[in-house]
Amino acid sequence: MSETPDDLHRAIEATLFASEEPMTVDALATHLGGAAAGDVREGLRVLAGHYEKRGISLVERAGRWHFQTAPDLAHILRREQEQVRRLSRAGTEVLAIIAYHEPVSRAEIEAIRGVQTAKGTLDVLMEAGWVRAAGRREVPGRPVIYATTPDFLAHFGLASRRDLPGIDELRASGLLDPVDDAYDALTGEADDPDATSDSVTSGELAPNDEQADDAL
Amino acid sequence: MSEDALILGQPDTAQAGDDWQGIAAPGTTDQGALYLALDGWEGPLDVLLDLARRQKVDLRQISILALVDQYLGFLDRAKELKLELAADYLVMAAWLAYLKSAMLLPKEEQEDPSPEELALRLQLRLQRLGAMREAAARLMARDRLGRDVFVRPSPEGLRIDRTTQWKCEWFDVVQAYGQVKARTAPAVHMVRDRPVMTLDSALDRVSAMLGVTLDWIALEDFLPPHAEPQLRRSAMASSFVAALELARLGKAEMAQEEIFGPLRLRRIRA
Amino acid sequence: MSETPDDLHRAIEATLFASEEPMTVDALATHLGGAAAGDVREGLRVLAGHYEKRGISLVERAGRWHFQTAPDLAHILRREQEQVRRLSRAGTEVLAIIAYHEPVSRAEIEAIRGVQTAKGTLDVLMEAGWVRAAGRREVPGRPVIYATTPDFLAHFGLASRRDLPGIDELRASGLLDPVDDAYDALTGEADDPDATSDSVTSGELAPNDEQADDAL
């Protein structure tokens, strides 16, 4: 971009700089007195390009834009006391499972982890603003299902869930599918009419599988 | 891995994976005796995954039989150390022991479901847990807001001041004033002059009309002709009362041939 | 400056952006692991030049440096949004009474209206700029008295208050006749607690009246 940014670019720059929250293209357009969304989007693109190599970056997270410091400068900015919430291992695992599988019920999370989820684990994630209840699954019992929030994407520097590390590979290799589906896929369900009853039997044998069956 | 620092209560197993010293050993004491930190494990599946990882092969290639042996060995050692094991560890041990014995049977004697199927399902579960554990680690290692990247600590904020432009027309003001005045003006109540025939005038009228003839006269005929309905109703009522009064005084007699039939009146000759 | 800022420039940029407070050259130099103060000063000069024409400015105040929104874009941070609202019936009545009787106290307004006047009603009229407090009546309690403003005359296109139609004219034009509809509208008004309670009372009595009629 040229050294002299145009008025819209300057206005977007100033608005995002002063805003307390990341802003969507629409929110920006509205705030800038009804600028065309297309112009704003183009302005953001140009600005993001301008800031690409600077100490400040203009980034998009879940459709909302904000300025933040460049990631490679973390070493000079890291504070004495980290402001980041420290998560237990259970917390990080549950968060990852929700992010890669969303929306998921608690039973589905437990089926993957093989242990019950402590009451506080989900609460901590919700309190951090990374996870939210996203309705109920329309199956018997109508369990609550959970999903991640825009704040989650912002915190972990993801433009969208498609940017979750390795999600394409995990999906392609079926590692995001339930065990039963993966088993059927591996053994070929067509020539195995007993597959369903088998899975029930195995559920009885392996206590932890019960949770998996419940979830499905 | 840097994310380890962020994870509380995690046993030091990630590094130990490179150097398997026995069971779940975060370290050894000076005497070299192993100690177990069962608190660090997230249940039997967690232990199994860790044991599987120690086979140093892809999770798709792990030897389930070796895994079963390692798990059972893990529990034996825990028992030697007189550690109290949660029930689910023992349930898993029993199930794995069953799986092992089934796998050792000749193929034709195997029960349904086959041990191969059970083993495969266990493997699939371990793969899934392993995948999520890796994903969590990669997630935690990202450039995180407030740790690696920072937003402005206290931005000015965008303010929208809403001002109201009040709208009111001249006519509204004048009309409102008129209505206030009308509403609060002292009210003078006047009873409307209702057309009625008093009992006295009905008595006079009925007596006078009876005096003209000795024939029966229907009560309706005593009413003033062409009277408006309200006056007519009033006249009917007062004429009826007048008729009763005249009958009481013995000046007239009344007759009615059927219920709701016409009421007739006749002078009694004095 | 060149399009690719050097490392020190980027570090200064990120540090000032993420700092809670404006920073001196020395504080910056210390934070950046003992960079030479001269280099930092030179870096700040280059950066200030770079940001000169942008929506964000790098400025020095009393020896401390910080980023701020470009001064000419201050209007973007504080936008005014105007909405048009119709004066309420109560507001119109109070305005009319003040116009016809000024200066009047609140008690006098209430006496004329026959109902209590909510505090907010007068506030709205003053916010609209049509009514002002015009001193105090020298009677016990010294109540504030209200009068109309020149804006009131201007808004309603009146040369003076004498242009308001007199009582006789109002009567002649039928505006003093009780208007059932208007009264009904009034009794439903929130500003008018007496009227509301009245209508409730009469509503309670009405069914009994009917029963009385039936009985006869």
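Just so it is clear, A, B and C label the chains in written order, and each chain counts residues from 1 on its own.
Definition applied: contacts are C-beta pairs under 8 Å (C-beta built on N, C-alpha and C of every residue); 3 or more make two chains touch, one makes a residue touch a chain.
Note that this is a predicted model, so its numbers are computed, not measured.
A comparison of C-alpha centroids places B closest to the centre of the full protein. When chain centres are set by their Cα atoms, the one at the greatest distance from chain C is A. Taking the mean of the C-alpha atoms as each chain's centre, chain A and chain B sit 28 Å apart.
Per-chain Cα centroids separate chain B from chain C by 36 Å. Chain centres here are Cα means. That of chain A falls 41 Å from that of chain C. Touching two or more other chains at once are residues 150-152, 156-158, 160 of chain B.
Residue positions 14, 17-18, 69, 76-77, 79 of chain C are each in touch with at least two other chains. Only residues 14, 17-20, 69, 76-87, 89, 91-93, 95-97, 99-100, 112-114, 124, 127-128, 130, 155-158, 164-165, 167, 170, 175-179, 182-183, 186 of chain C touch chain B when the two sit together in their complex.
Taken in their complex, chain B has these residues touching chain C: 150-154, 156-170, 172-185.
By the touch criterion stated above, chain A contacts chain C in their complex at residues 3-5, 9-15, 17-18, 31-33, 53-56, 67, 69-70, 73, 76-77. On chain B, the positions that touch chain A within their shared complex are 3, 6-10, 42-46, 88, 91-92, 95, 98, 112-113, 117-118, 120-122, 124-125, 127-129, 131-140, 142-152, 155-158, 160.
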